[in-house]
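Right, I'll just put the structure down here and ask away after.
By letter and in written order, the chains are A, B, C and D; residue numbering begins at 1 in each of them.
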Amino acid sequence: MNLRVLYFASLRDAAGTEAEDVQTHAADLAALHDELQARHRWALPRARLRVAVDGRFAGWHEAPREGCTVAFIPPVSGG
Amino acid sequence: MNLRVLYFASLRDAAGTEAEDVQTHAADLAALHDELQARHRWALPRARLRVAVDGRFAGWHEAPREGCTVAFIPPVSGG
Amino acid sequence: MARFALSAQPLDIPALAARLRDPRAGACASFEGWVRDHNDGRGVRGLRYEAYAELAAHEGEAILAEALARFDVIEAACVHRIGELAIGDLAVWVGVSAAHRDAAFAACRWIIDEVKARVPIWKHEHYREGDAGWLHPEPAPR
Amino acid sequence: MARFALSAQPLDIPALAARLRDPRAGACASFEGWVRDHNDGRGVRGLRYEAYAELAAHEGEAILAEALARFDVIEAACVHRIGELAIGDLAVWVGVSAAHRDAAFAACRWIIDEVKARVPIWKHEHYREGDAGWLHPEPAPR
């Protein structure tokens, strides 16, 4: 399956890019995370991240869909 | 003793003036109030008023001083 | 410069807020009281504020000095209109700067509550039916 | 028109506040977050805010809609800066109008707390010593 992944803040620094196209067989978003974390080695554990699909927060156990856009959301610090 | 009395809001409406010079033998500000209330007949009882002397809140049992300015302060409604 | 003032002119909020600025400040809470078109179930078409200026200035300054002592804030100010106001007009402004928002909100709320409770300003409401009256509310439970 | 927005330009507060006006409104509470010169004991010389714009807009709108449902308020709005900011710059503005001040203060405080907790915006601080870092705080106790 092909999808797009967006990186923000310290995850972007770790990945070295804002976005990449990813081919994956991950069964859910948690597995997708772990796959990409193993590649890019960001420091924040999954328990401190949230995940979003197509611009909406999603659950880690949801399956990714072909062509979707996934983002891992590190702890926010606006305000 | 001669002093000046200021009237505000509904007390001014009752007194028909913003200020007047008063000659009094009142022993304290409470007695001064009662004397002037008997003359002008404002509706608010003394328990709902405060009293000020020379631009500072004062106590009802303080004695008025020659030449001072007294104001009876009805419940405020700023804001 | 005084932290509290009465003003017979419309308030210039950006100018008032400028004095709150400080490089240590991360939070600014402010409150505006506006003239509303109703009160206690009656239609209001405008109002007039009258003050005992000397005592109001003294009490207002005392409230702001006390706020700076009670709360971990950097600066605070308040201006209250006097004179004739129309619906929607700004009647009172309170602004507080602080390092953090907890103190800014708490102090801002405390100041407006104190101003309403003890600064000698009186509201004369003009009602839609043509009559008018002074507001002399029972003290709010504190 | 959206109640929540990200802005790459300095915020024009009077223009933002205009949408809060309503003849029924007697109270307006607002909050400004300013860039402070220190954080967690370190000197700060500036910062950059970055956002996930699509998700931030969605979450921001959801927060403001929820505030209008939870509190007895008339209107509410919030704008958050993105991009490079200097000490003293306005980073975020929240404004709420209501008939009475209780609801205005409560909603304003709730909105800024929610925005800080869940809108995907990240602060990159530049420290006086020359280094810089992303802030990824532990969630505050709610």
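To be clear about the criterion, contacts are C-beta pairs under 8 Å (C-beta built on N, C-alpha and C of every residue); 3 or more make two chains touch, one makes a residue touch a chain.
Please read all numbers here as calculations on a predicted model, not as lab measurements.
A.B. asks: Which contact partners do chain A and chain C have in common?
C.D. replies: A chain counts here if it touches both chain A and chain C, which gives D.
A.B. asks: Using Cα averages as centroids, what's the distance between chain C and chain D in whole Å?
C.D. replies: Whole-Å distance between the two chain centres: 24.
A.B. asks: Roughly how far is chain B from chain D, going centre to centre by Cα mean, in whole Å?
C.D. replies: Chain centres of chain B and chain D, defined by C-alpha means, are spaced 49 Å apart.
A.B. asks: If you average the Cα atoms of chain A and of chain B to get two centres, how far apart are those centres in Å?
C.D. replies: So the centre of chain A lies 73 Å away from the centre of chain B.
A.B. asks: Touching two or more other chains, which residues of chain C qualify?
C.D. replies: As it turns out, chain C has residues touching two or more other chains at 33, 112.
A.B. asks: Give the residues of chain B touching no fewer than two other chains, as numbers and ranges.
C.D. replies: Where chain B is concerned, no single residue meets two or more other chains.
A.B. asks: Which of the chains are touching one another, listed as pairs?
C.D. replies: Those chain pairs satisfying the definition are A-D, B-C, C-D.
A.B. asks: Can you list the residues on chain C that touch chain D in the complex?
C.D. replies: Residue list for chain C touching chain D: 13-14, 21, 23-38, 87-88, 97, 99, 101, 104-105, 108-109, 112.
A.B. asks: Taking the complex as given, what residues does chain C use to touch chain B?
C.D. replies: Per the touch definition, chain C meets chain B at residues 33, 49-52, 54-55, 58-59, 80, 91-92, 112, 115-124, 134-139.
A.B. asks: Chain D touches which residues of chain A in the complex?
C.D. replies: For this pair, the touching residues of chain A are 6, 8-10, 13, 44, 48, 52, 55-57, 71, 73-79.
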